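Encoded as structure tokens, the structure appears first; notes follow it.
Per-chain residue numbering starts at 1, and chain names A, B and C are given in the order in which the chains are listed.
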Amino acid sequence: MEIFQHMQFVDLIEFFGTFAFAISGVRLASAKQFDLFGAFVVGFVTAIGGGTVRDLLLDVTPFWMQNPIYMWCTLFALVFVMIFRKHLVHLNNTFFVFDSIGLGLFVVVGVEKTIELGYPAWVVITMGTITGAIGGVIRDMLINEIPLIFRKDIYALACVFGGVVFTALYALDVNLFINEIASASTVIFTRFMAVKYHWHIPILKGEQNKQ
Amino acid sequence: MEIFQHMQFVDLIEFFGTFAFAISGVRLASAKQFDLFGAFVVGFVTAIGGGTVRDLLLDVTPFWMQNPIYMWCTLFALVFVMIFRKHLVHLNNTFFVFDSIGLGLFVVVGVEKTIELGYPAWVVITMGTITGAIGGVIRDMLINEIPLIFRKDIYALACVFGGVVFTALYALDVNLFINEIASASTVIFTRFMAVKYHWHIPILKGEQNKQ
Amino acid sequence: MEIFQHMQFVDLIEFFGTFAFAISGVRLASAKQFDLFGAFVVGFVTAIGGGTVRDLLLDVTPFWMQNPIYMWCTLFALVFVMIFRKHLVHLNNTFFVFDSIGLGLFVVVGVEKTIELGYPAWVVITMGTITGAIGGVIRDMLINEIPLIFRKDIYALACVFGGVVFTALYALDVNLFINEIASASTVIFTRFMAVKYHWHIPILKGEQNKQ
């Protein structure tokens, strides 16, 4: 299939995306005094959680059970954090770039997998967003924090935008590779702009604020 | 099938139930300063979480992936809270009625779906309870609170009672529509009485209380 | 099949393991002032959570939906805690033994189920670890605590060791019963030694420790 013609490039990007997601899990776990095994688990769940929930909902075998690369990638992230921990704070911008590119690719993987199973656009967009955003939600639940994406940045909304672009271009029969670049770029660009210009989704003011 | 003859009435009730469940999620999210997207997600998960866990356990496609009405219903709930937020506290009794009716219907939907798949009574009752009660549990985990249903009211036990009534009347070959009304009413009546007369399940005194 | 020849012995061990896992859930729930229904749910989820996540990932019917024994076992654990709550603290060593034996057996059940489905060794070991360790993680999320296994003891690592032993002996065509005893013993022995000699996995020192 056309999708697999540019597999190697995608594999490389996916590796960096998984790595960046795992790094974010490992770092947050270390801030909570988790042991090495716990940090590995949190890093792994951050990287594969979104795709796993998507695959369970779609009733297909979870992707990470078919290839050990995601576990090796998490192990590599753990070792990386152990070795370079004193210098990681200087690499925050680099991780942000990796993380955003990974997010864009995760969304594309999610929407493609769902559209091939014949689901309508709104399910496709939802699954793309779940693929990109739920890993971080499970990570935050494991470390006992309120999920960050519900309160900061426009992380999940960037996934929705990417999914909308993909389903629109797909309906217009645009070449798949161009579509992938366009929809992943939408996710990445939205996230970059949101962070650069401090875009936030308005907070829902509740009646509780008056009490 | 007989079940689908009164579909329109059930659809209407289900809409109000979903709406009431989503409202409860959106309101609790707003109290935690979630942004609009986060409030939407929490509202949606509250409304569809129980049925989704049930469908994953039964290995059928999650119900909300087959009809966008549940997402629209959650969006409607979000807009409703935004517009009427200063008046919501006066509507608490109305929401309680909606929420209880929705709970009764969710339980009936859960038990029927499970009994049609050929499971024994104890699985049927368990799935009815999961359908009704787990959405609120996931909601409370997302907002980082100890699940309310484990400490207050007899919410989940009302679901169990409804499931017991359904399986008993089903075994007695009672007309399905009458059975649905009877079992949903059992859930609603139990919940009403529990709140009105402050019924609580005894707290389990642990050895820790002595320390 | 050979596996089922020693079924009765395994059933008995599994009953005690489930009972010990449920006891740990009920006791922690009681320390958080959960009501009896909440304590039952937490006990049940502690006992069946790991195997349920495994079965969802493997796309087979969750084991506890095929036999009500796990619910009865949890109910028995709840009644046991209610009756003997003042004396439980003196039974901590006994529970530790039950819990460890149960852990060893849970891991063996998980690796056997996965290996029969044709998965490679690394998936088999992962599923054994998930079967043994995830119930406690969900328990801790329900009571709003940071999962204990990520910070204390070498609980999950003991499961990994047991899975490694099983897959190694399985590859060497060792008799299945001997393999089960050897791999379960590995889990139990590792856990005993870790507690006796205060073995811990090193904590991942993060950059945050400097702040």
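General remarks:
Methods note: a residue touches a chain if its C-beta (ideal position, glycine included) is under 8 Å from a C-beta of that chain, and two chains touch if they have at least 3 such contacts.
Please read all numbers here as calculations on a predicted model, not as lab measurements.
Viewed as a network of touching protein chains, the structure reduces to a complete graph with every chain in contact with every other. Chain copies chain B and chain C are related through a rotation whose angle, from the C-alpha fit, is 120° to the nearest 5. The two sequence copies chain A and chain B touch through a face in which the numbers common to both fall below half of the numbers used overall. Centre-to-centre separation of chain A and chain B, using mean CA positions: 30 Å. Among the residues of chain B, those in touch with two or more other chains are 56, 59, 141, 144. Across the complex, chain C meets chain B through its residues 26-27, 29-39, 41-42, 52, 56, 59, 61-62, 65, 68, 71, 78, 81-82, 85-86, 88-89, 141-144. On chain B, the positions that touch chain C within their shared complex are 56-57, 59, 119-120, 122-123, 126, 137, 141, 144-147, 149-151, 154, 156-157, 200-208, 210.
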